[in-house]
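Next, two complexes with subunit A in common: one pairs it with subunit B, the other with subunit C.
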Partner chain A sequence: MIFSLLQRIGQMLFVMFGISLLVFLIFFATPGADPAARIAGRNASPEVLEAVRKSFGFDQPMYVQYLTMMKKIFITGDLTSFVNRGWKVVPAVMDTIPVTLSLVFGAAILWVVFALIIGIVAAATRGSWIDKILMMLGLIGISMPVYWLGEVMNLLTQSRYHDTWLFSWVPPLGYKNFSDDPKGWFLTLVIPWITLSILYIGLYGRVLRAAIVESLQEDYIRTARAKGLSETRILLRHALRTSLVAFVTLFGLDFGALVGGSALLTEVVFGLQGVGKLTYDALLNLDLPIIMTTVLYASFFVVMANAVVDILYMMLDPRVRTA
Partner chain B sequence: MKKLMLAGAAALTIALSALTPAQAEYKAEHRGGTMRLVARSAAGTLDPQINYTLQYWQIYQSVYSGLTAFKKGAGEAGFEVVPNLAEELPAASNDGKTYTFKIRKGVKFSDGRDVTIKDVVASFQRIFKVSSPTSGGFYSVIVGADACIATPATCTLEGGVTGDEAAGTVTINLTRADPEFMFKLAVPHASILPADTPTTDAGSVPLAGTGPYFFSAYDPNKGLTMSRNPHFKVWSEDAMPDGYPDVVQYDFGLTDEAEVNAVMNGEADWMFDQPPTDRLGEIGTKYKDQVYINTLTAWWYAPMNTRLAPFDNLKARQAVNYAIDRKALVNLFGGPVLAAPVCQVLPPGFPAHVPYCPYTKDPGEKWSAPDIEKAKQLVEESGTKGQKVTVIVEDTAVSKSIGVYLQSVLKEIGYDAEVKPISPNIQFTYIQNTNNKVQISVSQWYQDYPAASNFLNVLFGCSSFTEGSDSSINIAGFCDKDVETKMKDAFALAATDPVAANKIWTEVDRMVTDTAPAAPLFTPKHIDFVSKRLGNFQFNAQFYWMVTQSWVQ
Partner chain C sequence: MLKVRKLSVTFRTEQGMVQAVDHVSFDVGEGELLGVVGESGSGKTVSLLAVMGLITDPNAVITGSIQYRGRELVGMKPRDMRALRGKEIAMIFQDPMTALTPVYTIGWQIAEQVLAHEKISKAAAWQRAIDLLAEVNIPNPQEAVHRYPHQLSGGMRQRVVIAMALSCNPALLVADEPTTALDVTVQAQILDLLHKLRRNHGSAIVFITHDMGVMAEIADRMLVMYAGRVVERGTKEELFLQPLHPYTRALLDSIPPLTGEKPKRLRAIPGTPPNLLNRPLGCAFAPRCIERFEKCSAEPALGDGKNAAACFRVSA
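Here is the complex of A and B:
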């Protein structure tokens, strides 16, 4: 147990080191990426440019710059942005985490609940028209790009039908703190939750249905039937349980990635100042300190989520436990 | 796409650009309320001596003051310099090299302390200590600036800026007469800050100012809050009038589409970004009373590298100028309501501007139509036909379409052209660096202050060119002896006879236009889209909409 935990931590450190190095090298290998002139401002004289270069340490060898940056992220925590100078990056990223967590948790609840319902109903009625309609809806959900869906949602709720009874409750875009205004927090997030979860509801519903249908062919299901268990019990207690392995694997990866910043399109479209939006803005501005910090943060979450998934496996599938 | 833009533009023509008379009386009944502004993103450090963006310069107008200021009036009144923390504009002595400012008494910073002579002197030193972007440009004329630029940490401006506590004056000595010095004192980089302000970039920590508002909160990811400065008393209606709203809340993070929605729904009072072209039709018809369009003293241009084939050849450069259909470009930008064709450097409405257009079917004052035949002939004569040319543009919808258009023109007149769009944040420094071997690109220049040199000398002076540097604003690498001499003459004359100097600048404008280091494309206009409740909108030619001069109740 301790060994596997250490192994996990070792893996995580290795992944994070590799990613940080890659981000760093790609940034400085990009032509025209030298941040000195952008920091110095337009039409800065050569002397001023040199002074800025020095004060930001761009005249140091690459490995020194890399190590300084790592030190500033992990030890002193005082890394500042290249674009919004003096803006401390680590607290900025920390500030955005609650926003992203609010968005992703809410959406995750929606998508797990609805995907379970759709998957189970479709599997139970497989071959019927209910199954076909559900699967078709799922496919439509998967096919809609989230930024497009978000903009359409905005068009409907913020512009075209904003003044009608249907959407007059929708507050202006942006995030409200849960502690300041719980109702406002909930209302601003309803539309983003729905937007983000639609893709996953479709995807997970389809995956779950396929997994259940497959596990219904297994030997232990035949045994259960032979014991005379009811179909409902077989479906929910036996087939569903093992089918959830695939579901949980996917969930772990997606959830980790979303918390890590993959919800950026949803965040950008709805003006939610989360990790994804922070990363997106930093990419637009070539703000290396922020890109570096959010990427490290994201890789941390993806590795963590995978570890959690492994533990869940053991609980769900007895076969994994002995292996 | 094009059609949509045209439709939008047509609708916008109906929109009014109402101007209220300058210096209206303060209407106390409109005082109060919270004004909400929205922008796509923050604009960097809040330090007024470092930030070099129009986005923040606009709001600094009611937060920081310098010794002088641009008049807070509508339209071109904004180009006039008035005394601010100085009691009056001093006359120059010592051949235009010495100015003595009497500092106003009784002005307080937002932290309650008095503005003293010490603060003024320290603020000038701080420009260099924090390596302000313009320290090597605007302020290098101050005596002692050289030493300060070389070693910022120990900057004293010895003999350059000296205070006299007893007399309440500050004397500034220059190395040469600088007729633009009063302008330079009026831009935010010369703001007066408390003497004990840290001599490093303040970043996201607000600094105390002297205006009617102060920055009470700033988070670059969320927003900026301006609240009333309790210690403010009006000392000059022209330089620093009182504002109407109690609080100005500037929120960041919405997309331009969402910003339009927010203004339409009355959730925001103004959007910083230009509305996307697909919304112009709606804005120009349904919301026409809430739109203001103003011409900017700026230009979009295509600098051509005069040190690289094929544009090291004068005829090749002129050919491009003849061939460009500026009407097509105007349409790409959103139609005649949002831009006007131009074929010279100085924008209309700018000092020394005299209409001049050699690159058109019938050369004269105005551009009428492209002359492709002439262009083809010039390319033929230049012997550069068939050469490879790459157009470098920003990766934005408008710039890309302009790039693709330029590609088609270059192809038509005989070049093997391609377009390379690169990220908007890299493009501007990328095209400046000679190491990147950029032949032709598309860029913009907005004035810092209303002086012809701010276009001609900055963009085409020999001193603005630095080989192999990301900061070499003379993108064309243009350095012409005759032009340089003429500019020197103009500078020399400006101190004593500004009118005659401007005549020389007009000639310089023609000379540069004739030698074509760039292809002027069009003069852009600016759209301000405001909420229904916002009143007293005034557009200042220097710093655009005067935010706190409008009211929300």
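Here is the complex of A and C:
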């Protein structure tokens, strides 16, 4: 167990190294393009270009360039955006991380809790009208585009019904730091959390129901019945427990992708300065250092989330543990 | 202790009604081993699942009467049935590879059953699991309780399933082809084990198999099933020495000889069992029967005696 764990972590570090190398090559070693010109931005003066060349070591061999780059991102943290005139990239990205993490963590808690409830209730009442209604609602949740849903939410809570008792508590759009104003942090995030989680509640609820219903056909469920266990215990301890593997795998992938920037649309609709929004803005200005840093950050996060999933997987399924 | 009368199980399917069990009656006495034999599809499993209250298919209709120590099981409240199941009546299944939940240790799974029925501490339930594993000859039980099903061979898993079935000292044990999925040497070990456990626990056993050779070793009395019905019953000696029903005789002919050279191919019974969807009129075995005559276009009844067969050659 310990050995497989260490092995998995080693593997993760190796993949991260590979990704950083790949990203570096794509950004700085694409033939026929001068990286200095791209970093400096459109219409840069020759002096700026020269400064970029010096600062990134473009007159030196490739491996030195790679090491300089990594040092700027991970050690000294003094990577500078030239498009945005001397803006320090690493702190800018660091500032957005808590925003995205707050958004995604809160939504993840909502979606796991509600998907578990929906999946378990639907599986327990399979075939009945309760099951049918829940699955229908799930399908509706899946088919609503998050951007559209966010706009509707804003329309309801920010303008149309803002002054009614129902939504008067909703603060204006934007993000408040948890350490400055915990209550404001929570209130500003409630609507974004709901908006982001609805899709996943529908999806995970349906996936979980299907997995439980499939488990209930297994021979070991018949054994559990023959043991004289209660239906509730059979459902929760045997059918649900063996269905969690699929659930956790899916969760890790989606969670990693969202923290890595896929929450972009939700961030834009609700004016949250998160990783997705930062990348989006940087793409509009062609701000290369920022794009590179967020791409690295995002892929590292996805890789880490995958490693966590695999480790959870080992804990959930004894067959993987010893394999 | 167990008295089954006119038990019928019918499944509604898209093609029509499948009568898997048709007016089956039998008794099991205290401590007795009743063997139920018949080709695959003859309704052995379904009749005993009905006894266990384990037919969960919503399209199944169960009629007749099943009395266990004077209590009627057909239509019993699920709650009462659960209290009985696993405690007084336990079951061993055919395929040990899939019968255990993959994510829990075997000790946990045995203790779970004990805790469901008895008010004892977790530590005591765990100790019981260790003792049971020792009783079914699993080496090193102290350590084996911590193993997961996938870490054990098929034979070992079947021992675990047996240990689990015995965990609450059931008065009646239903074993549905417990050795069919195992290879021959392991089969013999499991049969020996069941012998020993029967002596120690005194449970009555209903043992299902399609293998007459296995029956010869363990049964006290036997029931021969064909197409959802009982076609012959009697003691093991009666059935083996003086089989009445042509089907029983055909089954006996298909046993490989114990001594001498094994024939290249066993004499399987020619033909196939009838389709349960539209069962032909008359004796269900008629199309395959070498002793068929005019009367066989009517339905032969099974007599009431201790040794009886549903065949016109016998009761004519």
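The rule is simple: the second predicted complex is superposed on the first by the 248 of 323 C-alpha atoms of A that agree within 3 Å, B and C clash if a C-alpha of one lies under 4 Å from a C-alpha of the other, contacts with A are read in each partner's own complex, and residues count from 1 in each chain.
Note that a residue touches a chain if its C-beta (ideal position, glycine included) is under 8 Å from a C-beta of that chain, and two chains touch if they have at least 3 such contacts.
In this text the structure is predicted, and so the values were computed from the model without any measurement.
Participant: Answer with first, second, both or neither: which of subunit B and subunit C does A:I198 touch in the superposed model?
Facilitator: Touch partners of A:I198: none, neither subunit B nor subunit C.
Participant: Which holds for A:D317: it touches subunit B only (first), subunit C only (second), both, or neither?
Facilitator: second
Participant: Answer with first, second, both or neither: which of subunit B and subunit C does A:V275 touch in the superposed model?
Facilitator: neither
Participant: Please work out whether A:V207 is in contact with subunit B alone, subunit C alone, both, or neither, and reply first, second, both or neither.
Facilitator: Touch status of A:V207: no partner.
Participant: Between subunit C and subunit B, which one touches more residues of subunit A when both complexes sit on the common chain A?
Facilitator: Of the two chains, more subunit A residues are contacted by B.
Participant: Check the residue A:S230 against both partner chains and state whether it touches subunit B (first), subunit C (second), both, or neither.
Facilitator: Second partner only, subunit C.
Participant: Just to be sure I read the superposition right, which of the two partners does A:L173 touch: subunit B = first, subunit C = second, or both, or neither?
Facilitator: Touch partner of A:L173: subunit B, not subunit C.
Participant: Given the touch rule stated above, what does A:A92 touch, subunit B (first), subunit C (second), both, or neither?
Facilitator: In the superposed model, A:A92 contacts subunit B only, not subunit C.
Participant: Along subunit A, where are the residues that touch subunit C in the complex?
Facilitator: For subunit A paired with subunit C, touching residues are 127, 218-220, 222-231, 233, 237-238, 241-242, 316-319, 322.
Participant: Sort out for me which residues of subunit B touch subunit A in the complex.
Facilitator: Touching subunit A from subunit B are residues 41-42, 44-45, 47, 50, 52, 131-137, 140, 149-150, 152, 201-205, 219-222, 251, 253-255, 257-258, 261-262, 264-265, 267-268, 422-430, 432-433, 436, 458, 464, 466, 469-471, 473.
Participant: For the complex, which residues does subunit A have touching subunit B?
Facilitator: 30-34, 36-38, 40-49, 51-52, 55, 80-81, 83-87, 92, 95-96, 151, 154, 158-159, 162, 172-174, 268-273, 277-278, 281, 284-286
Participant: For subunit C, which residues count as touching subunit A in their complex?
Facilitator: Listed in rising order, the residues of subunit C that touch subunit A are 52, 54, 56, 58, 78, 82-87, 90-91, 93, 95, 98-103, 112-113, 116-117, 148, 150-151, 161, 164-165.
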